[in-house]
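Chain nomenclature is as follows: A, B, C, D, E, F, G, H, I, J, K, L, M and N, assigned in order of appearance, with residue numbering initiated at 1 for each chain independently.
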Amino acid sequence: MSELGPDLIIGAVSIFTAGITMAIGSIAPALGEGKAVAEALNAIAQQPDEAPTLTRTLFVGMAMVESTAIYCLVVSMILIFANPFWEYFIGKAGG
Amino acid sequence: MSELGPDLIIGAVSIFTAGITMAIGSIAPALGEGKAVAEALNAIAQQPDEAPTLTRTLFVGMAMVESTAIYCLVVSMILIFANPFWEYFIGKAGG
Amino acid sequence: MSELGPDLIIGAVSIFTAGITMAIGSIAPALGEGKAVAEALNAIAQQPDEAPTLTRTLFVGMAMVESTAIYCLVVSMILIFANPFWEYFIGKAGG
Amino acid sequence: MSELGPDLIIGAVSIFTAGITMAIGSIAPALGEGKAVAEALNAIAQQPDEAPTLTRTLFVGMAMVESTAIYCLVVSMILIFANPFWEYFIGKAGG
Amino acid sequence: MSELGPDLIIGAVSIFTAGITMAIGSIAPALGEGKAVAEALNAIAQQPDEAPTLTRTLFVGMAMVESTAIYCLVVSMILIFANPFWEYFIGKAGG
Amino acid sequence: MSELGPDLIIGAVSIFTAGITMAIGSIAPALGEGKAVAEALNAIAQQPDEAPTLTRTLFVGMAMVESTAIYCLVVSMILIFANPFWEYFIGKAGG
Amino acid sequence: MSELGPDLIIGAVSIFTAGITMAIGSIAPALGEGKAVAEALNAIAQQPDEAPTLTRTLFVGMAMVESTAIYCLVVSMILIFANPFWEYFIGKAGG
Amino acid sequence: MSELGPDLIIGAVSIFTAGITMAIGSIAPALGEGKAVAEALNAIAQQPDEAPTLTRTLFVGMAMVESTAIYCLVVSMILIFANPFWEYFIGKAGG
Amino acid sequence: MSELGPDLIIGAVSIFTAGITMAIGSIAPALGEGKAVAEALNAIAQQPDEAPTLTRTLFVGMAMVESTAIYCLVVSMILIFANPFWEYFIGKAGG
Amino acid sequence: MSELGPDLIIGAVSIFTAGITMAIGSIAPALGEGKAVAEALNAIAQQPDEAPTLTRTLFVGMAMVESTAIYCLVVSMILIFANPFWEYFIGKAGG
Amino acid sequence: MSELGPDLIIGAVSIFTAGITMAIGSIAPALGEGKAVAEALNAIAQQPDEAPTLTRTLFVGMAMVESTAIYCLVVSMILIFANPFWEYFIGKAGG
Amino acid sequence: MSELGPDLIIGAVSIFTAGITMAIGSIAPALGEGKAVAEALNAIAQQPDEAPTLTRTLFVGMAMVESTAIYCLVVSMILIFANPFWEYFIGKAGG
Amino acid sequence: MSELGPDLIIGAVSIFTAGITMAIGSIAPALGEGKAVAEALNAIAQQPDEAPTLTRTLFVGMAMVESTAIYCLVVSMILIFANPFWEYFIGKAGG
Amino acid sequence: MSELGPDLIIGAVSIFTAGITMAIGSIAPALGEGKAVAEALNAIAQQPDEAPTLTRTLFVGMAMVESTAIYCLVVSMILIFANPFWEYFIGKAGG
């Protein structure tokens, strides 16, 4: 059994990077969406008749903002569950 | 018994990353939601008749903002309770 | 008795992470709620007749903001009182 | 007597974390409450007749903001007076 | 006599943490109270007739803001004068 | 089998850089898009008749903003799945 | 004579902490008081007839803000002139 | 085979620099473009008749802002796929 | 003669702390006073008849702000000219 | 063959500096140009008749802002493709 | 001759602290005075008849702001030309 | 041939400093010029008749702002192509 | 000849401190003066008849702001050309 | 020939300090001048008849702001071309 071997370092780096990527990646989408929602409520209060157009624009726009959070979640999940570097070293450690 | 072995390092990194991910990941959603709630109250004060539309938009929007906090909570819980790297090293340590 | 053993490092990391998670996790909810309360007071002053609707929206919204502080408290308490890594190493140290 | 033993490190980390948790945890509630009080005074000046409603909303809201400071105080006190890691190592050192 | 023993490290960490806790813990209350006082003066200038209500609300609110500074002072004083970790190591050093 | 060899270091650096690139790269697009969506909602509320022109401009503009997030995602994916440095060292390790 | 003994380290930490505590602790009160004074001048210019009420409120409020600076000064003076850790080690060094 | 040789260090530095360059380089263009889009929507809402002039100016301006992101992408791609330092050391390692 | 003895370290720490305490301690009073002066000039321009009341309030307020700078100067001077730790070590070095 | 020789260090420093120079150097021009474009759109909406003068001033001004990004690109390219220090050491390594 | 003796370290620390104290200590007074001058010009433009009162208040106020810069200059000069620690070590080195 | 000799260190420091000087030195001029251009466009929209005076003032002012970027470029180029320290060490290495 | 002797360290610290003192010390005066000039131009545009009084107040005020930059320049020049610590060590090295 | 001798360290510190001094020293003047130019354009647009007075005040004021950049350039050039510490060590190395 290899102690402090390459699999350990790859594992530790993957865990840390996965968490930090998700954490930092959640900051801006949440702020951006909060701002969009706040402005949408303000706009609906000004023009109640346009509420359907406004909420539709809001949700399409928020989906686009959310996409950057999704990119980070995808990178984070790849690093935890489908990490090619990890699989290479597991294979080598088992080989 | 292996002292300072790979399981220790993976465990320590997982604990630290889980906490930091949740801590950083709670900053932006709380600020964004606080802003949205503040604007909603302002909008209701301006247009009391639109209160149902406004609160509905508020809660749908906040659910979307909350989703980024949930992503962080999910990553944090995966690292504590369903960590594939930890299980690999536990298996190896026990093997 | 193992000195500077894995249980020590896991314990120290858990204490530090629990405290920091709670400390950072309290920043944004407090700011967000403070903003929401401030806006609620402003809105009530503008529309005293809508006070019940406004306070209801305020408390539902604040509960959602508070939820991110609760997530951090939960992670912090798990790390102090129900830490699976700690239990593993305690078991190993006692085994 | 064990010098520089695990109890020392756990103790030092607990002291430092307890202080920092309380210190960081007091920033946001104080700012949020200060903002809420400032707005309340502004609102009372605008609508003196609504002073009872406004102060009631203010104090309920501030109690909720204060709760995040209380969470930090609780974590800080647990780390100083009811620290399970410390008790484990004290027990071990005395065992 | 133990040089560079556990009591030294606990003492140094306690001194540093006590000072930093008080220093950081004084930032936000002072800013929050300064903001509240500024707004109170503004409100009194707008509504001189409501001065008693405004100053009463101001002082109750400031007492609540001050409470977070008090929590920090309490933690700081506990670390200097009633530190359970210090007493444990003093007892051990004298034992 | 080479322990702590070049493939390990290249792998660890690639994982860390891929995550950080995606995380930092998601901050600005999310903020910029949130701002654009907020302004679009405001503009639609002012000029409901121009909603088609406004949403078209919004989506073309957001696509351009999103492009910087895509650049980061591309760099991140190249580093994980098509990394020329990694392939060189894998080839050398296997050679 | 003990060189680089515990008294030296306690002394150096006490000096540094005393200075930093006072320095950081003076930032927020000075800013908060400056803001309060500025607002008071503004309020007096608006309502010269209320000058007595305004200055009284100003000085009571500033006294409360000043209290956080006083807490820091007290902690700083305790660390320089009535430091229990220092007295313990002086006693031990002389014992 | 040279372990930890110059090619490794050049490779690791190139990977890290390529990612960081792209990540930092995407911040300002995304913010600047978001601001420009937001203002364009505002301007179109004010002057719907000038929409063609405004969108033309917007896209020419955004192309210029985007150019700084492109510079970073170019530097990043040169470092990954056409790095003269890497080629020099590969040649030397193979020589 | 003791080289690199305790007196050296205490002296170096005292010099550094004295300078930093004064430097950081001058930031906030200068900003706060600048703000107060600026507002005073503004207020006098609005209400020239109240100039005596305004300048009196200004100088009393600035004296209070200046007090935090004075605290820092006092701590700084104590560390340079009346440092009890320094005197203790000088006495010990000469004893 | 010199391992870890001067050419390696010069190469690594050049790669890192080239990337960072371009990355930091792209921040301010992108923000400045974004601001200029936003203001231009605003100005055109106010004075559609002056659109030619405004766009001409905009592009001359942006060219000047872009010049600082070009300086950084030039320094970055010199460091990668025409680095006098690199050529000196390559010459020496080959000499 | 003592190389790397106490006088060297005291000298190096004194130089560095003197420079940093003056540098940091010049930030806030310059900003505060710039603000006060700006407001004074604004006030004179509003009330040209009050120019004598305004400039007198300005210069008295700026003298008070300047005092914090003077404190830093005094500490800086004491450290360079009248440093008691330096004189002590010079005396010891010559003794 | 001297490995890791003075010429290497001087070269590496010169490369790094040249890049950083240019990168940091491009931030403020780009922001300042962007602000000036934005204001110029605003001013032309307000006073189209004064466009010649405004653009002339703009370009003279921007030339002065640009001068600080030029200073940085000059320092950067001196460090790369006319570095007296480098020439001294090259001379010494060749001597 | 003393290599790495006290004169070297004093010289290196003096160079670094002189540069940093001047660099940091130029930030605030330039910002403060820029603000004062901007306000002066604004004031002259409002009250062209008061231009002599305004420019006189501006230059007296800017001289006072400039004084803090001069203090830093003086400290910087003292460290380069009239450094008492340097002269002491030069004398000792030559003695 | 002295390798890693005092001249090397003095040279490296001088290069780095010269670059950083110029880089940091260019930030504030560029921002301050940009602000002054922006305000001048605004003022000319408001009072075209006062353009000569305004541009004269602008250029005298900018010359004063530029002076702080010139101080930094002078310190930077002294460190590169007329460095007394460098000349001392060159003299000693050649002596």
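Just so we're on the same page, a contact is a pair of C-beta atoms (placed from the backbone, for glycine too) under 8 Å apart; a residue touches a chain by one contact, two chains touch by 3 or more.
What you see is a predicted model; the values in this text were computed from it and never measured.
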Graph separation of chain B and chain F (steps between touching chains): 2
Lowest number of touching-chain links that must be crossed from chain B to chain I: 5
Angle of rotation relating chain C to chain E [CA atoms, steps of 5 degrees]: 50
Interface numbering overlap (same over half, different under half) for chain C and chain D: different
Centroid spacing, where centroids are CA-atom means, of chain B and chain H in whole angstrom: 30
Where chain E and chain H are represented by their mean Cα positions, the distance between them in whole Å: 47
Touching two or more other chains - residues of chain E: 5, 14, 16, 18, 20, 23-24, 27-29, 31-36, 38-40, 42, 44, 46, 58, 62, 69, 76
Pairwise touch network: line, ring, star, complete, or other: ring
Ring of chains, enumerated from chain D in the sense that reaches chain E first: D, E, G, I, K, M, N, L, J, H, F, A, B, C
Chain H - residues contacting chain J, complex: 2, 5-6, 9-10, 13-14, 16-18, 20-25, 27-29, 31-36, 38-40, 42-44, 46-47, 49-50, 53-54, 57-58, 60-62, 64-65, 67-69, 71-72, 75-76, 78-79, 83-85, 88-89, 92, 95
Complex contact set, residues of chain E against chain G: 1, 3-5, 7-8, 11-12, 14-16, 18-20, 22-24, 26-42, 44-46, 48, 51, 55, 58-59, 62, 66, 69, 73, 76, 80-81, 86, 90
